[in-house]
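Multiple structures are listed underneath, in C-alpha cells.
Same chain, two partners: chain A is paired with chain B first, then with chain C.
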Partner chain A sequence: MRALVWKDLLEEFRARYAINTLLMFALTTLVMVSFAVGIDTLTPKLHGALLWIIIFFAAMSGLARPFVKEEERGSAHALRLSAAPELIFAGKFFFNLLLAGALTALIWPLYYMMMAPPPVRPGLFLLLLLAGIFCLAAATTILAAIVARAGGENTLLPILSFPLLLPALVMAINGTAAVMNQGSWDEVKQVLLFLTSYGAVLLTASLLLFGYAWND
Partner chain B sequence: MAWKWILGLWMLMVIVAAFLYVPPAMGLGELSRIIFFHVPLAWVGVLAYLAAMFNGARYLKYNEARYDQQAVFNAEIGIVFTLLATITGAIFARFTWGMYWNWDPRQTSIFILLLIYGAYFILRSSVEDEERRARLASVYSILAFISVPFLTFIIPRLYATLHPDPIINVEGQLRMDSGMFLVFLAFLAGFTGIYYWIGTLHARLVRLQDTKKRREVDRDHA
Partner chain C sequence: MDFKIKLHEVGKNYNGHPVFHNISGIFGPGKSYVVAGPNGSGKSTLLRIICGLLRPSAGEVRVEVNGALLDQTHNRGQFMGYLSPYINLYDRLTAHENLSFFAALRGIALKEEDLAELLDRVRLKPFLHRRLGAFSSGMQQRMKLAYALLHRPPVLLLDEPSTSLDDEGKKMLAAVIATQRKLGTAIIATNEGEEVEKYGEEIIHLDNRIESAGVEGSAGRV
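Moving on, here comes the complex of A and B:
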C-alpha cells in the first residue's frame, strides 16, 4: 500500500496534473469570491459557507484524476492483477487525503489574507479542517473509481458526490461558523464527532463496495 | 383482478373522506388535508428507493439482469413520487411558514433524495456497457443512501425544524385526531397499493418485451 501511495505521489510530482488543476481552480474561485465581496464584512456563517464551497469545488476538479489516469493509460488492468481491491482503495484514499490536505493548506492562508475572516483558535480550527477533509477524501475515493469506470467525464464527480457530501458540508459550515463566533468547545465537539463518524461510515461502506465497482 | 377494483374503490373512498369526513386540524384549517397526500407520497418515495437499493444489492450478489431491471423501475417510480412529495410539501410550506422553500432540515432531506435519484440516472446514462452500468449503479445506490439517515434523523435533532413531527416521533406519541389518523392510515395503505400496482404493470411490460425480443430472434433464425 505504501508503494501505491508512493507511486501516485511520484507520478503527481512529475506530471503535476491534478495538483495544478486543483490549485488554479482554487485560486480562480477564491479571487472571484474575494472580488465579488470587496471590502464588505461577512458574517461567520457566510465565511464558513464560502470557504467550504471553494474547498468542495476545487477538490471536485482534481480528486477523480488518480483513477481516471489509470483507466486512460490502461494501467488499471495491471493494478487489478497485482493488488487486492482493498489495498488499492486504501492507497488511493491516502493519496486523496494528502491531495485534499495540500489543497486546504494552500486555500486557507490565501482565504485568510483576502477575506479577513474573524480570528479563530488555530488548534480547534485545524481539527475541524482535518475532519472535513477526511469526509471529503472518504466520499470521493470510491466515487472517483465509479467515475473512471463510467468513462471519466469531469462533470460526473460533483454530481455524484454532492448528495453524499451534503451532510458533511452542512456540519462543516456550521462548525466553521461556531469556531469563528468563538463558540464553546461542546458546540464544536458535536460537529467534529459528526464529521468523523460520518467519514468512518463512508469509509466502511466504500471498503465493502469497492471490489464491485473496481472489478468487472 | 379483483384487488385492483378494490384498490380503486378504496382510493375513491379515502379521497372523499379526506375532504368531507375529516375535520380540519386545529390551527391549520383546510390546509391540513394536504398531509393525507404529502406523507404517503414521501413514504412511497423512500420505500421505492429502498426497493431499488435492495435490488441493487441483490444484483451485486447474484449478477442477474432482472434485479437490475427491478432496481431501475423502482427508481423510476420513486423519482415521480418524491417529486410530488416535494411539491406538495412546498405548497404546505408556502401557506404555513410563508415561503415555498426555506431549507428546513426536512425539506433538505427530501431534496437530497431527489438529487440522489437524479445522480443515479445520470450515472446510468453515462455508461455504455450494460453489465458495468448495472454494477456501478447498484454500488452508487447503496453508497448514496448512507447520507439519508444522517440527514433525516441526526441533523434535524441538532438544529431546530419547523416541520410537524413525523408520525413516529421521539416521544412515541400520537398527536392526531383518531378519525384523522384512520383516514391517514387508509391513505398510506392506498398509496402503497398503487405503488405495488405500478410495479406489477412494469414487471408485465418487461416480460412482454423479453418475449417479443426472443420471438424476433427465433424468426431471424428461421
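Moving on, here comes the complex of A and C:
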C-alpha cells in the first residue's frame, strides 16, 4: 500500500496535474466569492457553507484523477494482476486523503486572508477539517473507481458524490459555524462524532464493495 | 510446480456478437502454446480471460496450482506474467521505479542486482534510470516484458510479443520463451506465421468464421 501511495505522489509531483487543477479552482472561486461579497460581513453559517462548497468542488475536480488516469493509460490491468483489490483501494484512499488534506491546507489560509472569517479555536477547527476530508476521501475513492470503469470523466464524480456526501457536508457546515460562533466542545463533538462515524461507514462499505467495482 | 489451466467450452460475446465459443483444452508445464488466428478472432480476449481480466460469456477457465484453484484475478496474477498491448506502465517513472513499484506491490523483496539482471535480460540495463516517457516503442515493449517476468511466473502470457521489436529484440524474445518453456509454460497470441511455426508446440486455432472451424460447433481447439 505504501508503494502505491508513494508511486501516486511521485507521479503527481512530476506531473502536478491534480494539485494545479485543485489550486486553480480554489483560487478562482475564492477570488470570485470575495469580490461578490465585497465588504459585507457574512454570518458564521454562510462562512461555513462557502468554505465547504469550495473544498467540495475543488476536491471533485481532482480526486477522480488517480483512477481515471490508471484506466486511460492502461496501467489499471497491471495493478489488477499485481495486488488484491483491498490493497489498491487502501493505497488510493490514502493518496486521496493526502491530496484533500493538502488542498484544504492551501484553501483555508487563502480563505482566511480573503474572506476574514471570525477567529476559530485552531485545534478544534483542525479536527473538524480532518473529519470532513476523511468523509470526502472515503466517498470519492470508490466513486472515482466506478467513474473510471464506466469510462467517464471527472465531471461525473460531483454528481455521484453529492447525494452521498450531502449529510456530511451539512454537518461540516454546521460544525464550522459552531466553531466560528465559539460554540462549546459538546456542540462540536456531536458533529465530529457524526463525521467520523459516517466516514467509517462509507469506508467499510467501500472496502467491501470495491472488488466488484474494480474487477467486474 | 504442478499446474494446469483448463478451458471448458469457453466462449465470449461482445454486445451480443460472438467472438469465439466452445474452446476447450488443457495447458500444462514444459510446453509453449500459440493462439493463432486472424484479426478479430479473439486471441487477446482469450488471453485476458485466462489471466482473469475478463470473464467468459460461457464455459469456465480453471487454474489449478498444486491442487489449489486460483479464481481471483490477483491470485492468477501472482502465477502468471502478462504482456499485452492493453497494459501500459508509468511514463513519468523510470524503468527502475516502475519495476521497484510492481515488486513492492507483489510483496517481492527485489535486490538491486536482481533488477539489473532482469533489465539485462531484456537488454535495457543501460536505461535503468531513464523515464519510460523517453523510451521508444520497442523499448516500451521490452519494459513490458520485464514487468511480465518480474515475479518469475510459471506461466507467461504473451500477446503479440514481437510488436515493435527489432531483430535483436526478437532474438531476446526467443531466448526468453525458450527459458520459460523449461521453467513452466508460455502461451503466445500471434498472427505471424513465422512465430506460429517457431513457438507453437501446440496451437489453438481461432477463426471468426465460426461455422467453418475445425471442430463442429467450435471456434477453436487445443
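Of note:
By our rule, the second predicted complex is superposed on the first by the 216 of 216 C-alpha atoms of A that agree within 3 Å, B and C clash if a C-alpha of one lies under 4 Å from a C-alpha of the other, contacts with A are read in each partner's own complex, and residues count from 1 in each chain.
Following the convention adopted for this analysis, a contact is a pair of C-beta atoms (placed from the backbone, for glycine too) under 8 Å apart; a residue touches a chain by one contact, two chains touch by 3 or more.
This structure is a prediction, so every number in the text was calculated from the model and none was measured.
When the two complexes are overlaid on their common chain A, residue A:A83 makes contact with chain C while staying clear of chain B.
In the superposition on chain A, contact of A:E11 is made with chain C only, not with chain B. By the touch criterion stated above, A:L166 is placed in contact with chain B alone, chain C being left untouched. In the superposition on chain A, contact is made by A:G151 with chain B only, not with chain C. Once the two complexes are laid over each other on the shared chain, residue contacts for A:L209 go to chain B alone; chain C is not touched.
Taking chain A as the reference, the larger set of touched residues comes from B, when chain B and chain C are compared. Contacts of chain A with chain B, set against its contacts with chain C after fitting on chain A, overlap at residues 216. Within the complex, the chain A residues that touch chain B are 142-143, 146, 149-151, 153, 156, 159-160, 162-167, 170-171, 174, 190, 194, 198, 201-202, 205-206, 209, 212-213, 216. Listed in rising order, the residues of chain C touching chain A in the complex are 51-53, 55, 72-74, 76-77, 80, 82, 84, 86-93, 97, 100-102, 104-106, 147.
By the touch criterion given at the top, residues 2-4, 6-7, 10-11, 14-15, 73-75, 77-85, 87, 215-216 of chain A touch chain C in their complex.
By the touch criterion given at the top, residues 60, 108, 112, 115-116, 118-119, 122-123, 126-128, 131-132, 135-136, 138-140, 142-144, 146-147, 150-151, 154-155, 158-159 of chain B touch chain A in their complex.
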